[in-house]
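Across the two complexes that follow, chain A remains constant while its partner is chain B and subsequently chain C.
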Partner chain A sequence: MSGLRLARLVPEARAFVLTPEFVRGERAYDPDELAQWCDDADEDVDLEPFVASVEEVLASAEPGTAKVDALAAPKIHRALPISRRTAADPGIWRFLAVGVAPGLVRHRWPVRTLATTRRRFWAPGMRHDSNTIGRLWWIAELTRNGDDYGLTRSVLESSNLATLLFVRRIGHHRPIVAGFVRFFARADAPAVEPLVARFSAVASTCALDALDADTVVAILSDLAFAGR
Partner chain B sequence: MAANRGTIALVPPGPEIDWVFDPLPPSRGRRGGEPAGHAFRHHIDAFVREVVQNANDQRLGDAEVHFRLRTVAGAALEDFLGALAWPTLEAHLRAAVKSPSGRAIADALSALQEHEELTLLQIEDRNTVGLVGDELEGESNFRALARDVLFSHKQDDTAGGSYGLGKSVLWTFSEFRTVVFHSVLSKHERGQVSPRLIGRAELGSHTLPNGDGFQGPGWFGRVVEDDRGRRAESVWGVAARQIAAKLGIDRRDEAGTGTSILVVGFRDPTTDEAQSITVLSEAFRSATVRHFWPALFGIPGRPLVVWVATPDGGSPVRMRDAPECEPFQQCYAQRADATDRLERPGDVVVREIPVEVPGLRPKGKAVRGSVRLCVRHAADAETRLQGHIALFRGPGMVVTYRDKRRIALAARPFHAVLACGLARAPEAPTEADRAIDAFLRAAEPPGHDAWHPTDNLRQRYQRGFRKAIDDLFRAVDKALREIVVPSPRHGAPGPDLLRRRFPVGRSGTPPRPEPPVFTIRDLEGRFGAGRWHFTGTISPENLPDGAKWRCTVRLFEVDADGKEVAPIPIETFETDPAAAAVHIDDGRATVDAGKHRSVLHFAGTSNPLPAGDRITVALEVEGHHG
Partner chain C sequence: MAEVRRKRARRGRTVRRARFVPFRHRDRGLAIDVLRFELDDGPSRDIASGTTTLDLSAHRFRRLSLDVEVRVPRTVVSYVLPETERSAPPLALLVVLACPSTRLRRVRRIPLETLAEETASVRLELLRSELRGEVEISAVLARIRNAAIAAPGYAAHAAAKVAGSASIDLLVDPPVRRAGGYLEIRYESFSKSPSFEPGTLYRLDCETDTPILFIDADDAAVRQILDSRGRRGLVARAREVVFDAIGQVVWLRLYMSAIAGADEDGTCAYGWQDGVLRRLLPKLYPDLSDHASRLEQLCADRADGGLESFVERLEALVQTEVRLSDHVRAVAKELG
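Let's look at the complex of A and B:
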């Protein structure tokens, strides 16, 4: 696989490459087949480490679970040392999902409906049904501390929390994510969803940059237990 | 016949090069420091503005400005000081230490003794006019830059500066209040041979230990003594070249005509500690871009290149040296490629704002024209100059970035540019553009950092200049508000949505968005006495004749992403003029306005809210008709 480089898959390719056969995993593309739909990426990146880390994930994580996310995100992030500017280009994530690691997408999310799985190959963003690889890279980018991916793993192990946090602005701030992880680790933690929504409403009155994890835990405790 | 011939070399004595200070006049008037030094605030930005603007105004074609920072120490320092006739200058500097602004000079002298190192800034401009003009007579660049203090002698009427105070900034940034000029002239008077060299020190009045009193300013050059007294005049030709070489400001041939300015002991007077050359050079780069991006990367046909160099090397400044200004540059660059509305990040909307400037005194006619407002939907929300508007005219210097972040509640994030005068349509300027450029130039105070009524305006223009400026800014604010506030929703968007969902064919131009039916403005809200109080106006503007309309108003709590969390019921609601039918159902207010056609003001309050909750509330107003 040596010599495989990062590229961007142009949006016009959608109707041609996301065929039902491809989405269901009945066929794959080799990079030459995709070449007509590809442009150069902003950065020249050797994809060998990425391919290797995807193989490790496929070999070790139980399919269809949040464990895949927790294992894959740090590996994907380490294997793709790209700038945020490059990472903001949905084209590279389409290329990686469709052309390089379609198996990872289907390993994490067994195919139920074609429409949703298409989104997991194609749509930009950090929704649970956005491009699987781009979403994990960005969550790792937002939650790592240097080379320490502890928070990345712990937030992704709770699929529900990750799904709710990273579609909101509050998910863009590492101390806020850290506060949530710490709070929901307690034994008597209440239901996640209403509290995330409640916190986001309170957060609309704060400078998010100024919140540290302790404050976040304090606010969450207030919101959850004030009435008891 | 043998002739005895003896030969001796007849070398004319070299000109005496020294400092000569103006003696105190008989009146013994004294001054402390230089008058112009106090007229406007000084920091690196002001320095760069003035220096680059001077070069930009004096250009003969594609001008370049090179900033070079370096330090001299050791033997090189001794040679440098020797070439500058330091013993004479130092004597005057020591004497001036007692003058009001002498504290800084004293510090600089002791620092020089202690560290034996001197920071030098050289500013070299290329393809510019140079210091042309007679030594003592007339209006010329030479007299403007090196001799006079308060007069401006610029190339033409588009020039950026108009006070002549600009050059004072040079001396303010010299620890020793000393600047040397070395210039290759674009035209020569009789007997002049380029290059020309002269230095000037701007000290307060001072007295030497021998009792001789001096007014303050001193000159470095060829000492001349005649019936007009003793003075130092410009050094010319080979002698000038030699001194320039020793001072490290020689000009290479490719530099063409223009002036090299040496600021001796460069120091930002607003900082307490001396800054490193690297820090200074970065400050020069970003300040240059911040204030001159229109001249550097915007207005076509006025190429200006600015370099910044240190002993480690140099390069031209680039837009990325001031990333916070890139959105403004893109906004202006897209002035011909505008959209109708600001919808997506990167969209640019352009409006021509009509302007009328009064006639010149005594009997000039008023001129009607326009200036161009370009507004760009900000792509990323948090840059430092977001929500600002950059004002500039022909010379391509940003006069100021005005903060317009408070222009409206719920404004889209934006960057805006107001291109005036010759910058409005630089490809094809009109007579009106010229008149507006001249008017605004006269409206600039000495720092060139605003447009407001000035004495200059009052002297040159007939009545009405004050109103012209007020009207301009009011019209700009109004247009800006209309552009950045999201248009109210249409009452009946159905067919349009269907069209978009089922596009038929690909030919033809996309349908123009219809003008909004309702204009909703002045939405305000405040929290008091346990509830929300809100006001606003709605006016039907493009309703079909005879059509009835109604509007609904509701409040809801939003989260950090601006998404609705929960409704907040409205308790009271009234309109002015009072509408017959106001209902509050399910916490939202509905007004049946019937055929009412003028502005409808409304005001209301929410239900009381539990104390201690901190929330963000959105007010939604929706018009319906048909």
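Let's look at the complex of A and C:
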């Protein structure tokens, strides 16, 4: 059993740990080094399965591609059986990204600018430039059906669709994500970006909880037809 | 006992963008009440009618049960449906519990035709492990199918929201309180940490849950000025100018970070960014009357011109806010 346990990195650590050397991958932190910036997480979690799942992803997914997301999200989610209450604490995702699996962040996103890469270690949320590990866990949590991660993989295989859906609240609704995946799997599917924006406008007049995947596909078809 | 509060404490609240839908029957919409709650195996506790915020943050419960009642006046149907649909209303009542922090949504769906009375009662069972911060409970009336023939003035598509209630807020955790409003100020020895650039006086860290302004603790002269409490004399005037110099950059960074941080729905990555936008947007868009419209305009301007398009407007705005020119004149006067 690994001695490494889940912890949370406190907000003020950012100024001290996200140095340019760390962000570029020229420096790594031992979890003991981070101890001065860490608090206990709400739940006691053994991180050995998480570390093993990250190693599998690093060994098998082509760097810098959406395949990393599609492969990593279900594995990360299975390896971290935490409650949503614990997962809502950005400090645990910062600890995992900075102290445990910084390689996964850089494997998915090559360092282009320091500012954006810093966000990928630190910022909460589900934007493409937020904490890479937390984002994937949350997308898996919101799109899985029990232990079936088929929808999670499908939506993450299209980086563009995932980026556009999960910056909006429509991405929090599994039937809506399922409708989008089904619609855009069609060979004659139109461009994603304008349709997501138009769907969001329509959705603002809807009770999102009343939308099922069939209705979402029907709305998208109408919008695509009207936009021709 | 749960503390029941009717007034909202704005600072430190979880960010939630609320948009008002101008239902034509808004004065005759749905009414929602939490009648009582139970914590774990404890006794049932009644809640006063009309309560809008239920604060349970002092309780360490594992399970929570809420009895919710929604009143659907009969008149609503005649306001939201054309005459041809009123005898068998294609509507469902949704009682929705949403926790923004955990993205939890718990929905109870009641077909309107099964509602014998004007009121619907729902029991919601929750676990603490699926909640954090604030929870919102509301009710909405939605269409369950498309209309065979669209009638002018009425929503016709399936899932269209046709009526709603006000929301009730449930506080599971106490709101975060910040010193200094939007940011924390900390003195750090810059010479002892390689994280700080040599020769700098301060550093602002915006990309975190509360912005932190680090000030170099090594410079005794600067610290003496910043920590001074006097309101008259040269030291007080110098303090104002130093704060202005720092404040200009700080406000510009806070504004830019908040503008960049709002996503397409206007939801912000950090809670403080929402507070900053609520302060900034009425000044940027004085002709728009509500926050949602201003956010929409902000997103449109950002898409059109990028972040750089805001810099010039903000630079002028910040200078007037910090009153730099007044304070420089005051120093000059003090110097004779």
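Assorted remarks:
Note that the second predicted complex is superposed on the first by the 224 of 228 C-alpha atoms of A that agree within 3 Å, B and C clash if a C-alpha of one lies under 4 Å from a C-alpha of the other, contacts with A are read in each partner's own complex, and residues count from 1 in each chain.
Just so it is clear, contacts are C-beta pairs under 8 Å (C-beta built on N, C-alpha and C of every residue); 3 or more make two chains touch, one makes a residue touch a chain.
No experiment lies behind these values; they were computed from the predicted model shown.
Taken together in the superposed arrangement on chain A, chain B and chain C clash.
By the document's definition of touching, neither partner reaches A:T65: not chain B, not chain C. Contacts of A:S159 after superposition on the shared chain: neither chain B nor chain C is touched. For chain A, the partner that touches more of its residues is C, with chain B and chain C as the two candidates. In the superposed model, A:S200 makes contact with both chain B and chain C. With both structures placed on the common chain, the touch criterion links A:T116 to neither chain B nor chain C.
Applying the stated contact rule after C-alpha superposition, one finds that A:R169 touches each of chain B and chain C. Residues 168-169, 197, 200, 204-205, 208 of chain A are contacted both by chain B in one complex and by chain C in the other.
Residues of chain A that touch chain C in their complex: 11-12, 14-16, 19, 83-90, 118-119, 122-125, 127, 130, 138, 141-142, 167-169, 172-173, 197, 200, 204-211, 215, 218-219. Only residues 19, 21, 92, 94, 96, 101-105, 107, 109, 128-133, 140, 142-144, 155, 157-161, 186, 193-196, 203, 205, 207-210, 212, 214, 263-265, 267, 269-270 of chain C touch chain A when the two sit together in their complex. Interface residues of chain A facing chain B in the complex, by the touch rule stated above, are 168-170, 197, 200-205, 208. Within the complex formed with chain A, the chain B residues making contact are 557-562, 565-566, 614-616.
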